[in-house]
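So, here come the structures, one by one.
Two complexes, one shared chain (subunit A), two partners (subunit B, subunit C).
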Partner chain A sequence: MRAEVVVVGGGITGVAVAYFLAERGFERVVVFERSYLGSGSTFKCAGGIRASFTSREHIVLMKRSIELWGELSRRLGIKYARSGYLWLASREEDLERLKRYSSIHNQFGVSTRFVEPGEVEEMAPALDTSRLVGALYDPLAGKASPFDAVHKLYLASREMGVEYRFEEVGKILVEGGAARGVASSGGITEAESVVVAAGVWSRQLLEPLGVSLPVEPEPHHAALTEEYGRLFDPLIIDLESGAYAVQTFHGHVLMGVEIPEQPSWEPGERLAFLSKVVRVWSKWLPWLPSANILRYWVGHYEVTPDHHPVLGPVGSIENLFVATGFSGHGFMMGPVVGEELASWVASGAPRTEEAAHLTLRRFEEGRLIKELAVIG
Partner chain B sequence: MAPLRSLVCFCEGVTTEDVDRALEEGFRDLESLKRRLRVGMGPCQGRYCIPMLISYLSRRLGVPPERLAPPRVRPPLEPVPARLFLGVGDEG
Partner chain C sequence: MRIAEHPILEFKRENPHTFAFEGVEVEAFEGESLAAALWAKGVRGLRRVSWGVLGPFCMIGYCSGCLVEVDGRRTRACLEPSRPGLRVGRIGDYVPRLAAEQPGKAEELEVDVMVVGSGPAGLSAAIVSGESGLDVHVFERHFRPGGQLVKQTHKFFGSGELFGGLRGFQIAERLVSRAREVGVRIHTRAPVLGYFKEGFFAVSEGERLLLVKPRAVVVSTGAVERLLPFPGNYLPGVMGAGAAQTLMNEYGVKPGERAVVVGAGNVGLIVSYQLLQAGVRVLAVVEVMPEIGGWLVHAAKIRRLGVPILTRHTVVRAEGGEQLERVVVAAVDERMEPVPGTEKVFDADLLLLSVGLTPESRLLAQMGARMVWSPELGGYVPYRSEYMETSIPGVYVAGDASGIEEATTAILTGRVAGYSAAVRLLGPRRDLLEKREEALRLLREARRTPFSARVVRGLERVIVRVAQ
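For the complex of A and B:
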């Protein structure tokens, strides 16, 4: 069978691309996943979703992604809540930063606003506000369950005829300057187009084709407490350390913070992370020291020099597309990336002008995008 | 009287019927079943339910149990109070 489109990678990006291709009427879409769905970076992420960025590209695309999260949640029953983001400042300098961010958000139509301690206590009853100097609230932001999102996009796309093969793609086949399929552990699959959505590992797939993706595997750690009743609704961010915490749909508190790390393909667990994340969050959540830590894991951000993704045609090879380099924002962008890539494959152009700014070409031309608010 | 149910996972209340449904949906490996059904995600961390699930899957799929890889173990091995991590590790 000759496929219309082969998608390499069964994380949020791959299943979303497959879903939107099927919705456009593609009948022969094959997704390759070498391990299990979500096994790369998606299932290690916190599930936060926001448009409160500080670049036009991120804001415009994420506003569309949030619309799609709402639609997908209604249509497929994905666990998703517009429960907000709350940025916490405990120092004057952090409050000044929040004011700068907020004015950029508002300028692009994302209505973040400063909230008083009383309102903070209503939305986050388990938070100690005594150190609070200021708090910025983003009511458009929210969270979704990564497991539920990937599994339901998989089930819905499978229902629409997408085929999933649990095989490793070793090679992208190119002939006469155009992609013509992939070689996997199960043999050769010919295709009219190939979409590489293999997270940071996309780099290794494209390297033999002379395509150099500027993505680095940056280790990021996360830990999870046992489950509790309602503690706080929004995802909370400590501006001083960049740490985040979110209460999952099941009631666990999922926390992350950056520690000094070098790029690594196989990062290990670090006691220093647990120590720092508990110390930072105990300042805002004074009950945390007596809460139990249930699980701890390490994943990747696939980081580009400008913290924006690489989307769309590879350029030097026809019919070859890529979607990676999300720098920690791949899950939240999943739906809009699925829609944009499906448009690119179907019609040769993205749906949104801003997506066209994010092709690989910007690195060759030195037109990087500026983003100030990268967290966790 | 409530119908009888065969529990695979006590912490999360997952039954053999739930497992059968997930198998029909195409989730056949333990990492996926864990995340689809929450088997092994409760306080026991899979200590009791994962061996039972492996035994059940082995019979349902006709695969020897040693061919069914258990999910990767995430530290800590059992729930640990967060305070134990305060002031340990080489914070940079």
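For the complex of A and C:
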């Protein structure tokens, strides 16, 4: 069978691209996943969603993504809540930083605002506010369940005719300067277009074609406590350390913080992470040292030099598209990336002008994008 | 209810005491788990969640059906030994509390051989490496060593060398005392949390964290009972066959009054017989296949006692409010689908699932050992050499964690792993190599029964031969 579009990778990006392609009327879309859906970075992520960034590209695209999260949640029943983000400052200098971020957010129409301790206690009853110097709240932000999102997008796209094949793609086939399919463990699948959504591993797929993706596999760790009743609604961020914590839909606290790491394809668990994440969060959640930690894992951020994704046509090879390099924000971007890539494949152009700034070309041309608020 | 009389077991009930569950006094004896004492008291639903009441499924620390709050801390009731005066409650809408005590400091521990799990495989590995003069530490998360042997009441076949003629729990006692005799240190209530890239295993023991740096490791973490998907499978009273054995054979607690057993393999047939010995009525044994899977002598024994074995049948639903009240079974067609109109309803308060086990090999997977899916061996298992070494040099696997078999092969793979660890640390000494060959020979012999044919087929795909 000749496919219209082959999508390589069954993470949030792959299933969202497939969903939006099918919605646009593509009838022969095939997704290849070498392991299980979500097995890359997606099922390891925290599920945080926000538009409170500090670059125009991120803000515009994330705002659209948030709209889409709302629609998808209504249409497909994906577990999603607009429960906010709350940045916590325990030092004057952190508060100053928050003020700078906030003015950029507001300039681009993301209405983050400072909240009083009383309001903090209301939205986060389990938080110890004795060291609070200031808190910035983003009411537009929220969270979704990565498992539910991938599962429901998979079901809905399959319903619309998308085919899923659990095979590894070994090679992207190129002829006469244009992509013409893929070779997988199951044989050759011809296609009119190929979308590479293989997360950090996209690099290995494109390298043999002479396309070099500036994406580094950066290990990032996360741990999950046992379940609790309601502790805090928004995803919380400790500005001093960059650590984040979110209470999942099941009630677990999922938390992460950066530790010194080198890019690595095979990262491992480190006790240093557990010690640090518990120490850092004890500042705000003093009961944390007595909590049971149920799970701890390490996954990847697909990090680019300017912390913005690589989207759209690779340029040098026709009908070949890529969507990765999300630098820690690929989950929240899933829906908008799906929509933009579907538009690119269908019409040769993205839906939004800002997406066009994010192609691979910017690295060749040295037009990198500036982002001030990357969160651990 | 506690079992008063049993044809082959005698229950030592020492140091009676009480603890409080939701403010009500519960009687318990020394060495009993909270879960067993609560079951004896008639408490069934230990957890309430938004969609129902849950009870224990496995009784050995895997499921979370017995999660309770003990003195302000969440724990599994099956892993918690009863002590006088404990305050135990349902977790309900649990809110975290401030830690009363400061966490202890981490301590480093360097050992020759670290054994994870104290079942027959782990203890056997520990014994042979201990006998070779190595410093061996066994880590076990339960409060009692011995693994699943402690609930086996049938007599083992085989020679004296392999404990023939003894019952499982007696073998466990011998292994434990032999291990101690040769200087093995057994740490109980000491779960191994994982391997960390800094180069150690973290073990939680009491209030301290141990950072264990071993020169060789044997992973003998056993297996987990499988659950079947059907409506009501979470109800208190639906449990693994092994969980019922834990209750009745280890603690002398009657698991129910009227039981249905799913699965007519050896475990299902043996557990049915043990239920009858414990005074439980067995209403039916249900088997989805057209044939009985276990030894026919076991099947004949329970049939003589009036238990019907329904082949080509499966469980379709469990019903009840606060606990299991009814089990609905139905005949299946060629595609194993239930046939409408063939339902039979049993008024049962106990539904035992005896539908196989899955190797508990997650520690090895987390460490990065190369794993493979083997239907014949029950799930994900590590590739290993015939000397039980995994793809990580110096890391060995033994027992059910390497593939589902039974206690004799667990003992033998444990010995092979233990000798291999010794060979690695002490060099290829003739006596060690000879004893390892002898264990391998016994292993081949033990795998000659018809039940091993499948396992042997599975092993062909997971054993990587290496040049000596």
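Definition applied: the second predicted complex is superposed on the first by the 376 of 376 C-alpha atoms of A that agree within 3 Å, B and C clash if a C-alpha of one lies under 4 Å from a C-alpha of the other, contacts with A are read in each partner's own complex, and residues count from 1 in each chain.
What we mean here is this: contacts are C-beta pairs under 8 Å (C-beta built on N, C-alpha and C of every residue); 3 or more make two chains touch, one makes a residue touch a chain.
As the structure is a prediction and not an experimental result, all values here were calculated from the model.
Upon superposition of the two complexes on subunit A, a steric clash is found between subunit B and subunit C. By the touch criterion stated above, A:Leu37 is placed in contact with subunit B alone, subunit C being left untouched.
Applying the stated contact rule after C-alpha superposition, one finds that A:Pro286 touches subunit C and leaves subunit B untouched. In the superposition on chain A, no contact is made by A:Ser316 with either subunit B or subunit C. In the superposition on chain A, A:Tyr296 makes contact with both subunit B and subunit C.
With both complexes superposed, B is the one of subunit B and subunit C in contact with more subunit A residues.
Contact with neither subunit B nor subunit C is seen for A:Thr129 once the two complexes are overlaid on the shared chain.
Of the two partner chains placed by the overlay, subunit B and subunit C both lie in contact with A:Arg270. Of the two partner chains, neither subunit B nor subunit C is touched by A:Thr352.
Once the two complexes are laid over each other on the shared chain, residue contacts for A:Tyr228 go to subunit C alone; subunit B is not touched.
When the two complexes are laid over each other on chain A, subunit A has residues 226, 269-272, 288-292, 296 in contact with both subunit B and subunit C. Taken together, the subunit A residues at the contact with subunit B in this complex read 35-39, 43, 147, 151, 154-155, 158, 164, 225-226, 250, 259-260, 269-276, 278-279, 282, 288-297. Taken in their complex, subunit A has these residues touching subunit C: 126, 226-229, 231, 266-272, 285-292, 296.
Subunit C makes touch with subunit A in their complex at residues 73-74, 93-100, 103, 194-198, 200, 202, 211, 366, 368. Contact residues of subunit B toward subunit A in the complex are 25-27, 29, 31-32, 35-36, 38, 43, 45, 74-76, 79-83, 85-92.
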